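Order of writing sets the chain letters: A, B, C and D. Residues in each chain are counted from 1.
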Amino acid sequence: MPEPRPPFRHAFRVRYSEVDYQGLVYFAHYATYCDVAIHEFFRALPYDYTEVRRTAGTDFHVVRALVEYRRPLRFDEAFEVEIRLGRIGRSSLTFRPALFALGEAEPRATAEMVSVHADQTSMRAVPLPERLLELLAPYRP
Amino acid sequence: MPEPRPPFRHAFRVRYSEVDYQGLVYFAHYATYCDVAIHEFFRALPYDYTEVRRTAGTDFHVVRALVEYRRPLRFDEAFEVEIRLGRIGRSSLTFRPALFALGEAEPRATAEMVSVHADQTSMRAVPLPERLLELLAPYRP
Amino acid sequence: MPEPRPPFRHAFRVRYSEVDYQGLVYFAHYATYCDVAIHEFFRALPYDYTEVRRTAGTDFHVVRALVEYRRPLRFDEAFEVEIRLGRIGRSSLTFRPALFALGEAEPRATAEMVSVHADQTSMRAVPLPERLLELLAPYRP
Amino acid sequence: MPEPRPPFRHAFRVRYSEVDYQGLVYFAHYATYCDVAIHEFFRALPYDYTEVRRTAGTDFHVVRALVEYRRPLRFDEAFEVEIRLGRIGRSSLTFRPALFALGEAEPRATAEMVSVHADQTSMRAVPLPERLLELLAPYRP
């Protein structure tokens, strides 16, 4: 059994272009932050989905994205998105990202993002690659 | 009792800036579309939240945003966001937007967005204004 | 000689996601508005660049974008982008968009956007299609 | 006379949300990258414009933004924005950002961004703060 690893984290700083009238991050950008962090998580594994798309013709599609907002992130705040794994299905993968302002233990927001692994021509769901399952094993809850 | 009205709809066309590598709308923008349509729904009521913020010092904050993706919207597609009301609480308001490509009966995506009405100084939840409840009545499911 | 036509205009309303801390449209979005209006101008001609890309393998690339800001656009303001043609070269096309708040004669901002028509494989500039030049003729200054 | 310093640089990686149909960064985002880098340049000086806005009631407004595109940035590419100073007027400040892919000497794009220092109530231009001029001195060309 693989040795468990601590959850992956990726660092951000709120951009001026991302805040609204109230100086708070516009709500839809939280999902973008989670997506960026998931891309970085794949890079860290390392799992090259771009290569897989080119060679196997399969890729991930988001089918469900949920964000729950607790306390807002503000302009210029430094924060991290932590990536935790949720359910790993036959062809689906659930991430449970959480956004933490620097040095805080309580997340500002939590998310759930479900992606399905699909053939890019038929758009049919296909099983998650074995190689990916091995790489994810140390991060399983 | 107020006469029921059909759900509000607002028309869009997918912008080039909103699609990704695959020519599909980037997933986080669906929530932005829903938000734009909710602003237009308030305008149609008509409920002027900007005026309320200035005079009563209260405003809405999104506390939960869920999008479920069925079939992707593509560059240049014309579509509508339909706004249905969900649960109306003491200080919270749930919208159930759905995105329909022009002329289609099955939504491409559905959403659930919960907002809380809060005092902008104390950030405490405050009851929904009576005037708003009256305006919403014809749209109640 | 073709009969001259008045400049093309496309209508917008400022989205909440597009304003910044000061309630003013974030400066980079002005270029996006111009781009959306240029797409709509092509639709109105009608010139189908998507079809041309598929059949002739050529497309436009922005090589220069300039925006000059006079007075800011604010949240919820209705405005129009007017598309005027600038220089039409052998393979390049210059647009001079201007953004007008509804009912105003002085633009809030003016822009200059230069695109080059290029082969998508070699990325070499290729002459503008004859058909496009004919369609543009009535809009020449 | 202050000792000259090398131009400031800030590192980025292209986000999936920032690329278009062709896998290239959407042209309007280049200006956003420059803006983010200018904010980081101010932080490095260090010049706290947020504090100045609160205490002196003045802030910067972009009045002109020009981007010239040479070769596109692609999804996932690492790059840096280099901030060079241009003309420093009585109340205006010109930045000449350039975007370099990691390890490259030729910029992918260059920009010119002119900001005016203005009173936030009257919106009249006011002289650049002495303190800022001192901090900028080592970066003058």
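Everything that follows uses one rule, which is that a contact is a pair of C-beta atoms (placed from the backbone, for glycine too) under 8 Å apart; a residue touches a chain by one contact, two chains touch by 3 or more.
Nothing here was measured: the structure is a model prediction, and the numbers come from that model.
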Can you check which chain pair, C-D or B-C, has more C-beta pairs in contact? C-D
What is the chain whose Cα centre is as far as it gets from that of chain D? B
Compute the distance, rounded to whole Å, between the mean C-alpha positions of chain B and chain D. 35
Using mean C-alpha positions as chain centres, tell me how far chain C is from chain D in Å, no decimals. 25
Length of the line joining the C-alpha centres of chain B and chain C, rounded to whole Å: 30
By residue number and range, which residues of chain C touch two or more other chains? 16-17, 26, 28, 32, 35, 75
List of chain D residues in touch with chain A within their complex: 15-17, 32, 35-36, 39, 50, 75-76
Can you check the complex and tell me which residues of chain A touch chain B? 26-29, 31-32, 35, 59, 61-69, 72
Touching residues of chain B toward chain D in the complex: what are they? 16-17, 19-21, 23, 26, 28, 75
